[in-house]
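Next come two complexes, and both contain chain A; in the first it sits with chain B, in the second with chain C.
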Partner chain A sequence: MVATEKKSVTPAGSSLLAAALLLPGLMHLAQAESPPEQSELSFKFLSYQDSQPGLERIKVSSPSLGLVTRLGDHWSVSAQATHDAISGASPRYHSAISSASQMHEERNAYELGATRYFERASLSLGVNGSKEHDYRSQGLSLEGKLASEDNNSTWSLGVSHSDDTINPVNLVVVDAKKRTTSWMLGLTQVWTSRDVLQLNLGYTTGSGYFSDPYKIVDNRPDSRDQRTLYLAWNHYVDAAQAALRTSYRYYNDSWGIKAHTLNLEWAQKLAPALSLTPSLRYTTQSAVSFYYNPTYDPVLGAPFPVGYSFGNGQILSPDQRLSAFGAITLGLKADWQFNKDMSFNLALDRYQQRASWRFGGGGSPGLADFNALMIQTGLDWKF
Partner chain B sequence: MKKSQLLWPAAAFCVLILNGCAMQPVQAWEKGKLAQPAMKFDQDPMRKAFLEHVYASKEGASGGSGVAGGGCGCN
Partner chain C sequence: MAQAWTDCHIPFKAMASTCELRLLAPDAAQGQAWAELAIAEVRRIEQKYSRYRPDSVVSGINAAAGGAAVECDEETLALLNYANSVYLLSEGRFDISSGVLRRAWDFKAKQLPEPELLQSLCALVDWRRVERDGRSVRLPQAGMELDFGGFGKEYAADRAAAVLHAAGARHGFVNLGGDLHALGPQADGSPWLIAIQDPRRPEALAAEIELCSGGLATSGDYERFFELDGQRFCHLLNARTGWPVQHWRSVSVAAPLCIAAGSCSSIAMLAEDEGLQHLQGSGLRYLAIDAEGKHHHA
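And then the complex of A and B:
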């Protein structure tokens, strides 16, 4: 690696480079693709509660354990396990409280990964799975990265596939399948000594059962294509000793959703061992073409849309998440490095979804406000 | 997807990249600030994965920032 750098620098520059490489952290950047220098064990506990006025909806408690470790000079492996305990109530159409369906369930998920490092490239293979009593998912992913000789540009190409099986307790469907394949092309570019950029283009295509079996009058198309353009920019602010992280995502899909998402994070160092990161996320989306507003048929009543006829397989959904809205997340994260190898972090995120916050207006009428509070505590240990 | 929808961010990105190329490439010893954990794109992958999972289950749009994991999280 250093040998290739030598070609372009003078002997004086070369020794400067060698000296610079002794500084902590630089070795990692100088080597395009290399396994982590230390193993890392991470524990996270999250608690999640969402609500609408008059109804506490879903509550999730979820411990998660992750490990990344180096194997020799060219390999690293990773493993992660998560357990979710989910309980509460979910509206069966729109945001109707009266017919909210109570539920309680457990979800277990795992991810395993292995990465092989080459001089300027890496190749990662991953498997993942999750299991609930009514939903099983299995997935595979493959990602390659290639860095330029000066390490200022890194290209990545990834593909992932997942096979899901759905068996709802109400037997609306039995052994229903959903298969999705995602492609992602990415470029990370060092722009200046204070700026780094990332661009990702994503494409996902899926077929199978996409409906929500626990919602009434929910019948979605049996295929979905999704496209994303993601641009991120991290900028270091010397005067404040802070990093400004920004990203923008454009999303559209074959169901008619167009969404714009903006994320801002300000990572502020307060003391050598303490940093605070406030964050702000705004997203705005249009509704799917088959979403219907909560205006019900005068004869059939709720939840049936005006003119609804049974048995003709109309594509329709009364799902709030497929409606048109805007949403804001305000977050605050604290990181405390209490010795060289151990750190603790605490993050709070408050999420609010409102039809009236859709950019430019035109949010879906007649839905209750939706809120969620997320608290994550984490412990990281390097060894 | 209409081409015009991709055009302006792609154009903006090209300008930035070309700008970067026209300037002196950043040398290894100038990357001290960039090496700080706060400047990484994946500085807390578990937090990011959790938030992405929540957003994917409460919104119509999802994905964009990395190769996805699996699961339903429909509730």
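And then the complex of A and C:
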């Protein structure tokens, strides 16, 4: 009857909503940012164990308790407390010698936050702090979010600052300070009903004491600027009832590290209440300019680099995390929703770092393999 | 923080439809007071925009067709702007000047219109000819008509919900003859279950849709229709040809606002075989039932 020729269709959905929101008195009915309807109590337990061949290194167990609750129509407040117990052998220089002196440390941390919600925006203010016997940190953060009229785009801008004081037991330094300020700009864009894109830019500038006071030959620059670019694409696959999450992160800093990280996750719904998410992450990075390889001075021996002279203030570090390497993390996470108010999750991550896995070669030579296992369990309860 | 709620069902008639308010209120008196505010808002919109009332804004604009421009208030201008957006987004399929075509279609007599009559009426349909200048609107030709019926009920559902929200109601929904706006979920946080009528069996249900908040609207070929020689002629008319659309028995859409849901479902019905592309690209939840009874949803 009505012959319609085939042509491309411009879907009207989100534009319709944008047009409808211009009608009088309806804007606030379709809020992008709204306080949580229910309060939420969560308990998490993180267990971390890293190892090198022949040596179990650091073990961390870290329970944390969090609460988010609504306060009136426009506010929510949150609080979180974490206790870390760290034990194990103190870090090796590179990985060539083992001093294996045992250490045990405890760390307590808290975070308090308040969020004010507006029609299409929210503003959050947070304070946080942590304390261990040789390290204290205090921080402040501010984040604003703004959604477009059609709710398809959300911008965020955040700034945070932290003041740290370091008092190592060996008195290498006393009341050493470290101050860092971070900026973050983000855009989350709903592309189609099945695709969400995200872009984040981060910049951190810090000054003060960055060295590891317990490493004899570790003297790092007293400032560090860090830049990150993060791109993510989440795609929902109808046929499989699964979500594919992909992301790429580029990082560089003023110490000379350039790092690329690719992350892939497949969140698969297995039953209405159960989902399983395997993940794969690959990171490749270059070393800082002042990293030295485990080749030691023939007279002084380890951990002193060839030609090392005391007291000349040379910038140097043997820290394996600052070397050139590639790393792969394999993960598996299970989420189980008991009922609509209670859920449980369990995540396992196995991290493996190898100099030879650096993309294009050129990993730092002479380092033992480095592995870590993280197990995290969490329980969320809404009430 | 559990609170005892009184579950209030308040049925009423408006806009030639069976309507209902479902509100969780601290007590029955509060529920009744809220309901009165919401019903007053629905009646206000009905009086202001009904084409059946000679004193309505729409009747005033239509009566002046071919004559002087009519000055409009903010709300009417906003609705005309919305109508313009929907016209553009639907590539001219959704046209609020197409109401005159109904004169050709007599659903009671079950007769096909005279081709000449339909042709002459089609000449009166063209939103682009409507002159809008600042605060005034003018229909350039006598006989032209505007009709807000394509989104009036949905707009009233949103506005009633806005009134209820402003008064403090947070749980419940407004249902104006199947066009819904939910203020918020049930007391325990679970969604309302809204049944979608089977488009061929009035006593049966085609599906259930969960709705926590926002709008839900359904357009169908079963509201007003007649059948002739085995073919169904429904009240949704192609604005260009003047003939009833086919392809979909009904289209239901959920969106943050009922008016957006309603326009999206109407556009899908009017777009016929391209309707599914509109729905898929909309990013909204929908249930479309095609001429064979097959369900398409997201």
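By definition in this document, the second predicted complex is superposed on the first by the 348 of 383 C-alpha atoms of A that agree within 3 Å, B and C clash if a C-alpha of one lies under 4 Å from a C-alpha of the other, contacts with A are read in each partner's own complex, and residues count from 1 in each chain.
What we mean here is this: a contact is a pair of C-beta atoms (placed from the backbone, for glycine too) under 8 Å apart; a residue touches a chain by one contact, two chains touch by 3 or more.
Predicted, not measured: the structure shown is a model, and the values here were computed from it.
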{"item": "Contacts of A:39 with chain B and chain C, given as first, second, both or neither", "value": "second"}
{"item": "Chain B versus chain C as contact partner of A:151, first or second or both or neither", "value": "both"}
{"item": "When both partners are placed on the shared chain, which of chain B and chain C touches more of chain A", "value": "B"}
{"item": "Touched partner set for A:340, first chain B, second chain C, both or neither", "value": "second"}
{"item": "Partner chain in contact with A:349 - chain B first, chain C second, else both or neither", "value": "first"}
{"item": "Chain B versus chain C as contact partner of A:75, first or second or both or neither", "value": "neither"}
{"item": "Which superposed partner A:327 touches (first chain B, second chain C, both, neither)", "value": "first"}
{"item": "First (chain B), second (chain C), both or neither touched by A:132", "value": "first"}
{"item": "Which of chain B and chain C A:288 touches, first, second, both or neither", "value": "first"}
{"item": "On chain A, positions contacted by chain B and by chain C", "value": "16-17, 20-21, 23, 25-26, 28-30, 151-152, 190, 192-193, 238"}
{"item": "Touch list for chain A against partner chain B, complex", "value": "5, 16-17, 20-21, 23, 25-26, 28-30, 42, 44, 46, 48, 50, 58, 62, 64, 66, 80, 86, 88, 90, 103, 107, 109, 111, 126, 128-130, 132, 135, 137-139, 141, 143, 150-152, 158-160, 162, 164, 166, 182, 184, 188-194, 196-200, 202, 204, 212, 226-232, 234, 236, 238, 242-243, 245, 247-253, 255, 257, 259, 261, 267, 269, 275, 277, 283, 285, 287-288, 321-322, 327, 329, 333, 345, 347, 349, 351, 353, 370, 372, 374, 376, 378"}
{"item": "Residues of chain A defined as touching chain C within the complex", "value": "1-2, 4, 9-17, 19-26, 28-30, 37-39, 151-152, 190, 192-193, 238, 340-341, 382-383"}
{"item": "Chain B residues touching chain A - in the complex, by the definition given at the top", "value": "1, 5-6, 9-10, 12-13, 16-17, 19-20, 23, 25-36, 38-41, 43-44, 46-47, 50-51, 54-55, 57-75"}
{"item": "For the chain C and chain A complex, residues of the former touching the latter", "value": "1, 74-75, 78-79, 81-82, 85-86, 89-91, 155, 158-159, 161-162, 165, 181, 184-185, 189-190, 214, 238, 241, 243, 245-246, 255-257, 259-260, 263-264, 267, 271-274, 277-284, 298"}
